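Read through the structure below, which is laid out as structure tokens, and then see the notes.
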């Protein structure tokens, strides 16, 4: 299996509900270093998994509505904890929709899976990986 | 599959037996950068894989008996080479016991697997990953 | 000149006033990776610049009031932009006070200077360095 | 599954054919940070996956013909785009041949798979992983 | 002294003349990770050293003519070895001109110095630092 | 001022004497990531600070007697604590001798200073910088 991974980052505020979160129940924030990996069984005729330029653009487009925002204010996140894990799935869903819509410069059916990794600090990160079809 | 990974480090001395180890047969040492990833199919009601605070504590507790020690002196490691690979399994076993004992703030059955990664230098690392059930 | 540097991190929310900040005028947040370097002309009798254990503790104590907070809510930061640059000076002042009060396990006069570096993202950081005497 | 991974790097020039590559159609270059991971179900009697010294040597031997070269000039790469993805497979093939020839200090049959990761910049990398048998 | 540093990268081809360069006399290439630090004695009224958005733009503008190019082909580099050291000075000159022309969102006289750091591989980098006035 | 910096690493065991060291009084160890920076006012006729190949060799030669050793056993370190700070000076002295002996491929008088940085863990490092003449 081949993979190509591109990285970007966002800076957000948010708070969590639930005693398990301790001091993170208060409004705080994070720099999220976000990596998006696209997996495929075969390279295309150009010798690539996906057009890396488009991969950067698609990732940036998925992240843009979150960047420099308080995630507690976004209607789409009402009633959920925007944990790092939760956001890996959120970004995955945005990327998966782009792949399925053929926005990666290749027949989406040829992309087997996506893995999204989000680093929240030098000592903690989360990832989500799933097949697309 | 979701994963959450936390990191810590230890500073230890040890030596190896076997010609394959060359100069590492002499007493030397290492800073081991240790990452513990917990994998789960679903997030819990709080939107997390495990309580990250407990993950840090459990990892620290597993590493504490090794930190600032000469591993050659520890009875539990008598007769084995405490290679980086060997230690990934040792740490895995400690974390797995904690998960099975319900110490991660979630029914241990909901944690599918653990991956332990240990970096020994800027150019070498090892990992061990296995399902828990 | 010798230096010893220890690192920690905090996760905060804040917003900025001033058109120069563009989208960062909205409430957002950051993971700040904070490094504190203590500089000295000579090592002490133990062969160290400062007690590294105390250095970690002092840095943590200076950062604690900021961690998991919305900096806009802290009275001490009223009317100022808590930029990364500004915070390097804030942390410097806290560390300098500790050194002058003799909390680093060595006569404060023997510590010549402090440098505080704060990374806000994979592509941006700031630092502040100044002599102590 | 256990893994041991060693890393090295090369500095090469190359160009790509195909509109998808945009400005990278011109002759340019890259520092490729190359990591080779060897995976095995069990450790050997020494407590290792492979002899790490040999792993470094084998990786260096596979990379040597590429290092400080214009890949467009190499006969073996005639007519192909030497993308980062393509090179992960090229390095994999070289490492797999070494494992199968028993050059890793262990019966090659005991090495289950290899993963090659190549970082091309701070924000992009690729990998290839496949079983050996 | 305060500093703010922003980072970007370029991918270039080049070759060197002189026996000291050994295999690097052949056409090869590099990913250069370039960091530009702006130093000032005081923060401005917004609490910043420079407008970080402009800093990213100015750095990108200085690097653009080099990115995805064979530096041997650029007239401005005729007859010189475009070593990492040489390029730190080249980038410094471009940034210094921008500061002096007032393009950083602040009176250029308030920027005391610039430091340019270029990483060429995981094990080698160069930097150049000089006062501006 | 120009600088070129090369990096290598060693894996050692040692122990410290003095209550200030707490658990590090016991025999333990470290992976030391060692960077050596050579500073010069001007580039030479080849456009370099020093021959980077020689810089790697000289650094390796200085580190070799320490690598894979218990520093407590080395006669040259009898009665001293081989702290990270102490070792920055030790490496500096070895490099300085090489520069003064003209081993860097350039008149040693043209190298103004050396900075040695040693990382002992992901959260702690030390450095020593001094002029050579």
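Lettered A, B, C, D, E and F in written order, each chain numbered from 1.
We take it that contacts are C-beta pairs under 8 Å (C-beta built on N, C-alpha and C of every residue); 3 or more make two chains touch, one makes a residue touch a chain.
Here the structure is a predicted model, which means the values were calculated and not measured.
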C-F compared against B-F, more contacting pairs: B-F
Farthest-lying chain, centroid of Cα atoms versus that of chain F: A
Longest centre-to-centre distance from chain C, chain (CA-based): D
Interface composition of copies chain A and chain B: same or different, split at half: different
Counterpart interface for A-D, drawn from B-D, D-E or B-F and sharing over half of its contact pairs: B-D
Geometric centre distance via CA averages, chain E-chain B, whole Å: 41
Distance from chain E to chain C - Cα centre to Cα centre, in angstrom: 27
Whole-Å gap between the CA centroids of chain A and chain C: 31
Set of chain B residues in contact with two or more other chains: 7, 122-123
List of chain F residues in touch with chain B within their complex: 7, 9, 11-14, 23-24, 26-33, 67-70, 73, 120-123
Residue numbers on chain F that touch chain C, as the complex places them: 16, 18, 20-22, 80-86, 88-89, 122-130
Residue ranges of chain C touching chain F (in the complex, touch as defined): 1-8, 43, 46-49, 51-53, 56, 105
